[in-house]
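Next up, some structures in structure tokens.
One chain, subunit A, links the two complexes that follow: it is found with subunit B in the first and with subunit C in the second.
Moving on, here comes the complex of A and B:
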């Protein structure tokens, strides 16, 4: 069983190579079938491994086992959280391949295999990152999934916006990756090890943390926070999500960003959590501060968007903030809650992007104002979109609601208010879109544009504008939403997730996870709040539009790659400043 | 002093690249600056593996254990890093070519399609 762990990476990579080599020779349906089959096979393998991952196991690939405690081999971790993320990434890849089935238009005509091949490479990179047990390979997988993501974001190379968004994404994330490598170099200099557990032991053996440990921590976290789009590292995300093809958005928002958060959890837990690492209060302060800032800015900017994909992208930013807070408080219950929240969020967010893709392909626009009332005919899509919004708000019995309520109880106090507020505002923005676009409610908003990306005049991704919605494009969001509900209601599922997370995360402290009256109530409150806000915004557009004094917030999102790089440096400095006080005392 | 020197150089090269990226007026120059950042990581990795009086870890004409060698692991890491960097640079330059075609400019100040 253990020996099949590397196949999670090898199978998608081989599938991609096969598609690149033979894609020209076969018709499109064949290439897409191969893509789906490979990605489904990997998903099945990930699920089988996941079911057998208790107790967690290690795999030294190629038989390079440690000699006298020293190792230079590639180590893979087969535990619940890692395999769970790999399974999630694989299932979402399958969903986006199914969504783009035969309808997605690809510029390099004559090469039917290129798009499925890129998606499979992306899947391989994400699976590799999820199960990586040593930091250097985590860096390599980080780069592989990032490079493929740049290529996928800029897949429609004929579009001015697509190439600009892909370039900013690429520069910012690559810079983060090089910071990660510098951090790895420093850790190797101190401990002579690359395996995460081995580095952790090496740091502890060295004694109290010093400037080198702090520098390494800040550099490694910079990369992971860039990937998970924490403020102020987040600027690339809305630009990339606004321009990426819809199936790619589903993957970027649904799982890639969350993998960054997962990386933060994994690296802190295995490398820096010991006495030689970063003390828990410093980590908590840094992550909760950045997480709260991320949640607030993400929610506010989400509310001010009219480009539907950008709106959804900012809602991802807001939710990442909530995930980071949950990880930052370092409580086993919060870890369980976040695991469930990530699963539910992936289904809901991917479904919302899928519905937005239908709008784009049918009307050639994703501008909330220009689409006012035009999608009245799409009753089924409207239902899915509204359900997605309710899932985002955390309406029981969605998995998001269960995860959110468990986390809320663990974090407690004012942070609970932040959870309710951030999820309510982002969901209200989505409901507002639904009411205007699918319901035609309220006065028609002005379509003139100020300092913003409007989303009108986008080119559909299908060859022609769709006159009839293909079944695959509606079935995929429906299945994803069903999955998000199943996370919340499937009997025993939450317990299994909690057990798997605790087995690696909290060293044997097992917690029980279940619906509580308070949690259900808070979920209902945020849903109600979202509904009220959305109705008010639709009825009184002027009162709830972005005021002039909020313009500075929009101006920060300038689309200028130099600005974003400067923000990354600011973020790194802030992270260092937040972590520094306890390290001096130690 | 000489012990710390390579690390200072690595940090300086990295930050120089970052400064260039933040102030760049030309995307090709920006891609070059990113490579400069990456060069900082090469310097750091090689500095980590350096040993005084050691030779290259090539054992074809060297009896293992007869004399000290520098750490081969970081050299392997650097080599992998070079490969990764080549991929990223190639992809970025391809994107810059497309930006030049679609926007008619490679000055990041003049790209205004995405904002707000």
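Moving on, here comes the complex of A and C:
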């Protein structure tokens, strides 16, 4: 059983290769069916392995099991969190393949299989990253995910914006990857090891942390924070999400960004958490500071968007901030909460993107203002969209609510307020969109625009504007939302997740995770807050429009690659400065 | 952001990063030491599998799972290029006119082409024995074909280079790598385990178990991938013309 762990990578890669080889011979439905079947098969394998992952196991690729504690091979980790992320990535890939069934404009002639093949490669990369126990191997899968994501983001090359979005994404993420590689180089120079646990032991054996450890930590974290879109590494994300095809957005926001956060958790826990690594207070300071900044900026920017995809992208940024805080406080309960939050968030966010895709393909616009009242006819989609917004706010019994409430209790104090506020503001923005677009409520906003991306005049991703919404495009968000609710209500599910996380994360400290009256209350408060904010914004658009003093924040998102690169450099320095103080004494 | 502000940010961020780097570099182990924990283990492991080129053993045996990822990155880049450099609605395909080639250039390229191709294939075939291997040999073999573009013209190149065939070859080579890995799982102990084939005699072409197979798969994959990538970019510059703004 354990030996089949690498199949999580091998199966999708083989499927992709076969789709490309045979793609020109078979008609499009066959290629798409094969894509769905392969990704579903991988998802099933991930779930089976997940069910057998207690206690966690290690698998040595190529059969290079350690001799006298040393191995030349690559280790894969089969534990709850890793396999959970692999299962999540696989299920979301399946969802986006199903969503994009017959979806795109013509694929390049003779390449019917290329889009499903790219999604399968994406799945393989994400699964590989999730189960990697070797730092260099993680880098390889990090790169695979990234390369595929660039190509998928720029899929609609006819539009200059798509090319620009994909290019900034590529430049910023590649910089992150170089940083990761240099960090790996430093760690390898110190320890002569590449396996994460082995590096951690090597660092501990060397003694107190020094500048090399600090530099390695900062470089590795830079890459992972670029991937998870933490401020100030986040600029690529809204630009990429605004132009990427909708099924791709579902994957980027639903699981790829979260994999960056997962990487932070994994790498800190295995490499830097020992006495030779980065002391816990420094890690906590760095992550909580950046996380809080990310949550605030993400939420504010989310509120001021009218391009619906950008709005959802910023809400992902805000939630990433919340995830990072939860991981940063280094408490077992917070880890459990974040695991549940990530699962719930994936369903909710992917469903919201799926609904936005329906708007785009039917009306050729994702502009909140231009679409005012136009989608009244789409009753079913409206219900899904509002449910998604409520899930984002953390309305019980959504999985997001359970995860958020567990984390809130763990972090405590002012951070709890931040959790409530960030989720309320992002959900309010989505509810505001729902009220205007699907309900036609409030005065019609002005469509004139100054310095902002409006989102009108977009090309639908389907061949023609849809007159009738295909069933797959509505069924997928419905199933995703049902999944997000199931995370919250399925009896015993939360306990299983918590157990799986604690088994690797907190060295045998087991915590119990359940709904509490305080948690439910906080969830209701943030939902109520979101509703009130949204209603006020719809009723009095002038009072809630972006004030001039918020303009500088928006101007930071300039679309200029040079700016983003500069911010990555600054971010790296800030990260170093935040981590430095406690390491000077060593 | 103004140019000035951006330069300031780069200066501050760059200075911080540079300081961090210098400090880290001072803590690196001294140059030329005799403590190489991984190197010693890798050489030992390579010799037990009778692979003369230790680097090939690391690439295709000890860390073959990494190489799977690396070759897949190239494969993904090729599919990405095929998708992104497709002919869009507002572009049309022109017929490039043959250019006059200087005689010495023509003579030299036609002379060197077979030599370069053979060198590429040699480097791939001897990957497990001597420096080089699938990645390097694949690039040499693929670029050798493009001497035709220099020596003759674009149409001659197109005749020896049916892109569709190379795309399929790329995919087949990738699957071959995965299938060899699966054989290790079914016939041996683990995915990509090099325990299925006999290790052969040290320092001969057939030594190293599955190393030559994986090496050959990568060689084919890289050769096909480079051909397709170059073809797509050449198409874009030579053949595809933008519409007249219609």
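Convention: the second predicted complex is superposed on the first by the 582 of 586 C-alpha atoms of A that agree within 3 Å, B and C clash if a C-alpha of one lies under 4 Å from a C-alpha of the other, contacts with A are read in each partner's own complex, and residues count from 1 in each chain.
We take it that a contact is a pair of C-beta atoms (placed from the backbone, for glycine too) under 8 Å apart; a residue touches a chain by one contact, two chains touch by 3 or more.
Because the structure is a prediction, the values reported are computed rather than measured.
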Practice task
Kindly classify A:558 by the partners it touches after superposition: subunit B alone (first), subunit C alone (second), both, or neither?
Solution key: both
Exercise for the section: State whether A:14 touches subunit B only (first), subunit C only (second), both chains, or neither. Expected result: second
Exercise for the section: Using the superposition on chain A described above, determine whether A:140 touches subunit B (first), subunit C (second), both, or neither. Expected result: both
Exercise for the section: Considering only the touch criterion stated at the top, classify A:60 as touching first (subunit B), second (subunit C), both, or neither. Expected result: second
Handout entry: subunit B versus subunit C as contact partner of A:150, first or second or both or neither
Key = both
Exercise for the section: For A:528, decide between first (touching subunit B), second (touching subunit C), both and neither. Expected result: neither
Practice task
Report for A:189: first if it touches subunit B alone, second if subunit C alone, otherwise both or neither.
Solution key: both
Exercise for the section: Applying the touch criterion given at the start, work out whether A:211 contacts subunit B, subunit C, both or neither, answering first, second, both or neither. Expected result: second
Exercise for the section: Could you say whether A:158 touches subunit B, subunit C, both of them, or neither, answering first, second, both or neither? Expected result: both
Problem - Partner, of subunit C and subunit B, that touches more residues belonging to subunit A - result: C
Handout entry: Doubly contacted subunit A residues - partners subunit C and subunit B
Key = 72, 136, 140, 143, 147, 150-151, 154, 157-158, 186, 188-189, 194, 558, 560, 562-563, 565-566, 569
Fill in the blank from the handout: The residues of subunit A that touch subunit C in their complex are 3-7, 9-10, 13-14, 16-18, 20-21, 24, 59-64, 70, 72-74, 107-111, 114-115, 117-118, 121, 124-125, 128, 136-137, 140-141, 143-144, 147-148, 150-151, 154-155, 157-158, 186, 188-194, 210-212, 214-216, 218, 555-556, 558, 560, 562-563, 565-574, 576-577
Handout entry: subunit B residues within the subunit A interface of the complex
Key = 10, 14, 18, 21-24, 27, 30-31, 34, 37-38, 40-41, 44-45, 48, 73-74, 77, 80-81, 84, 87-88, 91-92, 95-96, 98-99, 102-103, 108-109, 111-116
Problem - Residue ranges of subunit C touching subunit A (in the complex, touch as defined) - result: 1, 6, 9-10, 12-17, 20-21, 23-24, 26-29, 35-38, 41-42, 45, 58, 61-66, 68-70, 72-73, 75-77, 79-90, 164, 167-168, 170-172, 174-175, 178-179, 181-182, 184-185, 188-195
Handout entry: Touching residues (chain side subunit A, partner subunit B) in the complex
Key = 72, 136, 140, 143, 147, 150-151, 154, 157-161, 163-168, 170-171, 174-175, 177-178, 181-182, 184-186, 188-189, 194, 238-239, 242-243, 304-305, 450-453, 554, 557-563, 565-566, 569
